[in-house]
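Chain nomenclature is as follows: A, B, C and D, assigned in order of appearance, with residue numbering initiated at 1 for each chain independently.
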Amino acid sequence: MDLLEHQGKALLRRYGIPVPDGSLWPERPNAPGGYVVKAQVAAGGRGKAGGIHFAEDSAAADALARGLLDRKIGGHRVDAILIERRLDIRREDYLAVALDRDRRCLTLVHALGGGVEVESLPPEALTRVPVDPLIRLRDFHIARVLEAAKVEGETRRAYGEVVRALYRLVVAEDATLAEVNPLALTADGGVIAADAKVTLDDNARFRRDTPDDGDAQAAAASTLEQSLRATGAVGVEVDPDGDVVAVVSGAGLMMATLDLLVERGHKVRAVVDLGGTVLAGGEVLARVFAAVAAAGPRLTLLNAFMQTALCDEFARMLVQAQEMSPLRGRVVIRLKGRQADEGRRLLVERGFQVHEDLVPALDGLADAARGR
Amino acid sequence: MDLLEHQGKALLRRYGIPVPDGSLWPERPNAPGGYVVKAQVAAGGRGKAGGIHFAEDSAAADALARGLLDRKIGGHRVDAILIERRLDIRREDYLAVALDRDRRCLTLVHALGGGVEVESLPPEALTRVPVDPLIRLRDFHIARVLEAAKVEGETRRAYGEVVRALYRLVVAEDATLAEVNPLALTADGGVIAADAKVTLDDNARFRRDTPDDGDAQAAAASTLEQSLRATGAVGVEVDPDGDVVAVVSGAGLMMATLDLLVERGHKVRAVVDLGGTVLAGGEVLARVFAAVAAAGPRLTLLNAFMQTALCDEFARMLVQAQEMSPLRGRVVIRLKGRQADEGRRLLVERGFQVHEDLVPALDGLADAARGR
Amino acid sequence: MAILVDGETRILVQGITGHTGANLAARMRDEGSPLVAGVSPGRPGGRMADAPVFASCSEAVAVTGANASFVCVPARSALDAVIEAVAAGLRTIVVYAEGVPVHDAVFMSAYGEARGARILGPNSAGCISPGQANLSDLNERLLVPGPVGIVSKSGTLTYEVIAELNGLGLGQSTVACLGGDPVVGTSHADVLKMFDADAATEAVVLIGEIGGRSELDAAEVVAQMRKPVVAYIAGLHAPAGKRMGHAGALLGSADENVPGKRAALAQAGASVVPDLLGIAEAVANALTPPRSEEARRTERQ
Amino acid sequence: MAILVDGETRILVQGITGHTGANLAARMRDEGSPLVAGVSPGRPGGRMADAPVFASCSEAVAVTGANASFVCVPARSALDAVIEAVAAGLRTIVVYAEGVPVHDAVFMSAYGEARGARILGPNSAGCISPGQANLSDLNERLLVPGPVGIVSKSGTLTYEVIAELNGLGLGQSTVACLGGDPVVGTSHADVLKMFDADAATEAVVLIGEIGGRSELDAAEVVAQMRKPVVAYIAGLHAPAGKRMGHAGALLGSADENVPGKRAALAQAGASVVPDLLGIAEAVANALTPPRSEEARRTERQ
């Protein structure tokens, strides 16, 4: 789950990292030096997209906030605005603690000159300090960031504390990313997180004491994806203008099926991984069907190759689901695996177009697309 | 450093491990069920040696304590007595968290039936659970002890907490041993440390917030060992009736020299490892000499083979030390290593008996012992 | 001799008294897989699928000589279960649970590596060497012993490839499923090295997907291998920024997409096929020595 | 080629700006030992003993290719310094500090083992392969290249043995000092295995002492070795319950005393000598092939 800036900053503050005084509009901090007005959307490049503004006084800040509300920034509707005291920034750095999935560790990432997208920086501008999970964060890791940051004295101490706290946050909150971009060095010697992007691991929700705000994620998911998630299946919306939905018995096969369909010229509306729902009974499958039917595909491919579940039982579930919540349009079924002969027989009896192998099923779908 | 029982129990209590109500005599806990009176000495087999007694009432406890005071138990003078409430014990176990130097880890050690010396138990009666330092204590380690202890319900929970707390103590206090023998299971379901033996790592004194009580250790060291420790050298008293002291330039060579002397029929009073004092100057060496001289050896062997320090400088230190604090009796010197020729020349000038190699030096010592 | 599991394998199921664990154990017994023990800290004693159930891994290892574990416990218990398995000396460990916190996956991977245990997963279907041992949720009856090694993230996609290979008479030495999570204990590269050293494997099928660098790192190994590798990468048409069923299948930086991975593997000498259906034929071609190809051409003339 | 340090060794001194570190670095330079870098987190920049001084081990490794470290920092900093060295990829690490907390020694040993680094110490004099590299506080000038490997806890005792060996014309391949603390990163057994595999070593001197099981574990290795081992155990007459200078040299359980260790080593086939002075002769005998012994007897007749 990606936290919005103000949620991320609240978390940073809890771990002792300085953030600018700020509050959600219409509240405002006391800021004689001026304001920053920031749309709270989970999109990159907010500044360029017009989501961040400066205001000299509170009246100007209010006007800017009013103008931002309900606008779309980077495809997301603005329904919260953060008003912050403007900082007197002397220098901006990039600082993050990020999960490196391939090295299987957390990594400290630092660059001089923050505020830009880190992907746009040349690799040699980045200092990456991997932290071996067997030893966790040690002083020598922090020292390497501080060397790169070229800070001395009190600023060095404060900077080091930010690094330490950011790592602690990532471990304690099960975050996969805590990015401060920019980390501001202010004229009065402060080291302040001027922005914050925190991504939490949904799988660790059970041990996090921070209450989860599922709204942000739900907002990012389309209606089809949302309604499928409620069933236990996983849907991925591909092309809003597509007319084919593929319902598949596994995540890997789902990806491969999508590739096959697109390469054969189909416009795919969505793909669905049935996952564990193949064992959950006809009623659950009916809910999956209902969600797919609501998306109104002209063609549905059901591609199942199953070895843990039994194909004949699955066929009975399909029959039941089709009765409870019929898929509109043409349906082509590919069914292979344990007791698939009996399964296909049951489905043919009910008038479905059924194939054992993938190639004939794809051919059948192509025919159906051409109206044959 | 070995803590006395009452010191160990105070530490256990700090980590949440139940110990019997108790206080140092003449204070007494309130104990309608009777008392245990325990001499506080750092010796094994206290019970057999008459250091532990039971008393029905406070008058009897006082009488027993008075009788114990200043007695010698296992070679140690009793100058503190612990008076505890007597427990209604249903079962006694052995439980320890101990450093296993060879496997390089802490190990949980458990046996059914405590109260006896653990070394006397057959190996198969002991459950040993090594704890990999990379993962530290986990529930499955504790579960293995609880399986061995065959405890259920509330007692199982309380027992598990004792194991967890004992491990925590060992890590946080830099202990090398925390032994509870016996761990008492009382009639009312309690799991209570009826005895406690805790050994702390002296090298970790700098990070321990528990104030150190060096008295116990000092008491165990003889006067010669004590006075040498103050100089930075390490002395080991061997035989109080011995008449030879060997002063050697290193720990390994000290052990080997002791073996050579005893095998050649000498009675060795003490051996001394000069350690870093070979670089510390004539005045420090004079203090080593003074400590050795106070032990009054008839013969002194000085065995130095040095490659980091320079032998000629060491010879000058020896000359200075001998002037400041002369060794009485015969002195035989073996000096080898960097610039040893010059070193030996200086010493011969001053009338010392000096050899380059060990065998002639040992022969010279044998002659000296025979009065030649 | 196959890799990861073979004739020496002695299987332990952690969480054998749970629903999934009990089912898998029963299937292992029915298939004749070398199941020797179960572990259930809460319900030790007794037997499941003819195997004794112990309170701890170390006890199970001491009594039965188990050397491989199928970890079939809830996601929140997976870290402790895997650490216990590693500490008890188990060498091949499949973490079946889905939804394991990624920090837990990081630590169990590091600890397994430190102590010389091979961890597949989390979210792995496991590994199987047909005719020898089945430490997976794949149905052994679908596999045929033979010369092709398969390494994949996903189990379901693997079924398709196995069926195609069987259709051409190409059996499998070992099938290894790495798991669909972003952080897993074993990478494609690790398995390729094992296949290259395995006498029973003559060609390798590498099935990859978008997200992560596992297939890019694998390309460096492919370049050093003596055996032919056929590669397929799923997710060419996956929409950006969406997880494709697998938590790890999320389109990231540019070279982690399908064209980037295809290019790296092709450059390293792998035979890269554009879709799932071409894999078996490419393997058949790779296993046909060029000389006999010539011979056949000669015959045709 | 020698063990632990050899012609490929590139030495880093951690704590090079301290008094001891500076002295040792200067001596390495004077001896021509392959010193390539120093590390001093507090005072980086500049040079010591002609070597550049870095702020961190990883920087030093990246710039100079250092692969071995002499850790010359105060006892309380030793744990962090060693962990940093291991994490930076240094493979041979000597921990010179005395008085390191034993829990720190435990963790650094485990971490070194986990990441494939070889740690000598704490409280180790280091290791030296004369003529190749000196990662020790021993004086290289006292050593002569040759066929005898020496493994010992103590550095000072080793001098005596080296001098005796030199007297009989027997030079040294590598001298390895394990350290006098109760917990050290490397055992006698570890070093024996390395010597047995080392082409430059023809015979091994094992110097042990009371306390611990290192020499007992070593006996099991001796029984498997192809090369002759001469063993001496110090402390036969050490009084019970007293530390003999080394924190680890404390008479413990019965088989950890000198007779127990002698018996185990003799039974495993080592030539056990009763005192220090017999070692060199025993090595000479072990290196004399029995055939030429016969030949000499024939000559004498």
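Annotations for the structure displayed:
As a convention for this text, contacts are C-beta pairs under 8 Å (C-beta built on N, C-alpha and C of every residue); 3 or more make two chains touch, one makes a residue touch a chain.
No experiment lies behind these values; they were computed from the predicted model shown.
With contact taken as defined at the outset, chain A and chain C are each touched by D.
Inter-chain spacing, taken between the CA centroids of chain B and chain C, is 54 Å. One simple way to say how far apart two chains are is to compare their mean CA positions; for chain C and chain D this gives 43 Å.
Here the CA centre of chain A is 60 Å from the CA centre of chain B. Of all residues in chain D, those that touch two or more other chains are 111, 114-115. Within chain B, the positions touching two or more other chains are listed as 132, 134. Contacts between chains form some other arrangement here, matching none of path, ring, star or all-to-all.
Two chains count as a pair here when they touch; such pairs are A-C, A-D, B-C, B-D, C-D. The part of chain B that touches chain D in the complex is made up of residues 99, 101-102, 104-106, 119, 132-134, 171, 174, 176, 201, 203-204, 206-207, 234, 236-239, 249-256, 258-260, 262-263, 268, 273, 275, 305, 307-308, 336-338, 358-359.
Those residues of chain C that touch chain B in the shared complex are 41, 44, 55-59, 80, 83-84, 87, 111, 114-115. Listed in rising order, the residues of chain B touching chain C in the complex are 132, 134-135, 138-140, 143-144, 147. Across the interface of their complex, chain A is touched by residues 75-76, 99-107, 109-111, 114, 137-139, 142, 152-160, 163, 180, 182-183, 187, 207, 209-210, 212-214, 217, 232, 234-239, 242-249, 253, 274-277 of chain C.
Considering their complex, residues 113-115 of chain D touch chain C.
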